[in-house]
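I'd like to ask you about the structure that follows.
Here the chain labels run A, B, C and D in written order, and each chain numbers its own residues starting at 1.
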Amino acid sequence: MSQLERVRAAFAAQGFMRTLGAELTALAPGRCVITCEFRADLTQHHGLFHAGVLTTLADNACGFAAMSLLPDGGEVLSVEFKTSFLRPGAGTAAIARGEVLKPGRTLSFCRADVFMRQPDGSETLAATMLATMMAAAPAPR
Amino acid sequence: MSQLERVRAAFAAQGFMRTLGAELTALAPGRCVITCEFRADLTQHHGLFHAGVLTTLADNACGFAAMSLLPDGGEVLSVEFKTSFLRPGAGTAAIARGEVLKPGRTLSFCRADVFMRQPDGSETLAATMLATMMAAAPAPR
Amino acid sequence: MSQLERVRAAFAAQGFMRTLGAELTALAPGRCVITCEFRADLTQHHGLFHAGVLTTLADNACGFAAMSLLPDGGEVLSVEFKTSFLRPGAGTAAIARGEVLKPGRTLSFCRADVFMRQPDGSETLAATMLATMMAAAPAPR
Amino acid sequence: MSQLERVRAAFAAQGFMRTLGAELTALAPGRCVITCEFRADLTQHHGLFHAGVLTTLADNACGFAAMSLLPDGGEVLSVEFKTSFLRPGAGTAAIARGEVLKPGRTLSFCRADVFMRQPDGSETLAATMLATMMAAAPAPR
């Protein structure tokens, strides 16, 4: 199994991604895109995407971008992240695009932007994240 | 309706809280506690609480703590937050305790700690958040 | 006086910029570059640029980028910022390039990258910041 | 030389601390306090403490708190930090109190509060930081 296949398997093994209905829509070394269609059960009390949903997508986009650059079998843990919410989470889908700013053996620094797809197909930037990911040994079987 | 009742109503109106099975377990002026029982559909790929779940709970604990101190009808938006993950999200429940560090007419600075309840009833600190919340006018009816 | 001239005047009025020997090397609406030559009195204990110096430059690059887009006379306060240190602060100068990601009447979201100039003239990215700036009324005279 | 003595030596070796006139006013395992008297050359353009000065003090309070818990000879690097500015930096001195929330062999999570000493001797909380510090091998001689 290649490391990119391992990333896809890790994504598929996350119960929370299924709960959100999120999909891994693009993956390349150092880059990851995750898409989540709008649903009423993902909202805050004004009916928009909950900030926690956008952050979850961005966290995974960063984490899997980092994991994609690790040696075979390497996994990642989220050390910390910071999200800024530039615009309300109003759209038909949320698209989190993550990239590795600086890979490392121990720590990888990542960034993700979360866009809202509008009914006309255009996108607006709703949130941006800076994250630190830590390489972890593969989980024992 | 008092402002604390408005906070409870806002919590109840969040579709995402129902999705997580989260409950507002304590509320007082400037303080808010949210509890979420562990479920397999809230996990990352090692079967622990997803960092996004812990962050969502902390975001709401901060936001509703801030909202509780606003003039009647005041609402809040998350401007930004930063979460540090001190320990793995392993436990039977996640408990986010939020408080307002500095209330303000426009911005409120908040902090939340997220604890993991262990099978023996003890708690361990898994994550901590610093957040900025912005007062918003009541949504139009 | 134009708003860009007000930014230059505010920069010149900061005692701490003179202490650092920092210069405002570029300014345009929504963008600001600040440069600081290396000196031994700006170091941490390994003789590299102190993280606090890099953060100070990035804070100002963000703040003045935000101020440049405000209506005439508008000033800014730093609400909060987060800096990630990707590489050691080793170089002959630090160059902080700030930009406004999302301007606003009350809050502006900004980003800055801090580069290290190397002896051969090339640059390496040492740090990156996400910042929130708040518009403040002009200080009374 | 004990590890606490190594922390004091590292503080003394920072050129930037001398530039700020900062002093290590308390040190214990997992805790560090740094104090800096107000001076006009540490200001932003309204004559208050520059946010960068407060952040520098908090960074060091966190870093040296973390270093104090490392095995003999261990040093730390700042991975990242986030500072929230709750109140203006107005006071006769800035006092940064740092503590380790969670020590670790590789990463230590820290928090610092920065207080402003008022002319009457009271203190107000001006800023708070969450920081991640990384253990580094001792620098080669």
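Going forward, contacts are C-beta pairs under 8 Å (C-beta built on N, C-alpha and C of every residue); 3 or more make two chains touch, one makes a residue touch a chain.
Keep in mind that this is a model prediction, so the values were computed, not measured.
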Average the CA atoms of each chain to get its centre, and name the chain whose centre is farthest from that of subunit B.
C
Pair joined by more contacting C-beta pairs (A-B or A-D)
A-B
At what distance in angstrom does the C-alpha mean of subunit D lie from that of subunit A?
33
Need the CA-centroid distance for the pair subunit A / subunit B, whole Å please.
21
Specify, in ascending order, the residues of subunit A that touch 2 or more different other chains.
79-80, 82, 84, 109, 130, 132
Which residues of subunit B touch subunit A in the complex?
10-11, 13-16, 18-19, 39-46, 50-53, 55-57, 59-60, 77-85, 88, 139
If we count contacts the way the header does, which residues on subunit C are in touch with subunit B in the complex?
79-80, 82, 106-107, 130, 132, 134
In the complex with subunit D, residue positions of subunit B that touch it:
82, 84, 86-87, 101-102, 109, 111, 125, 128, 130, 132
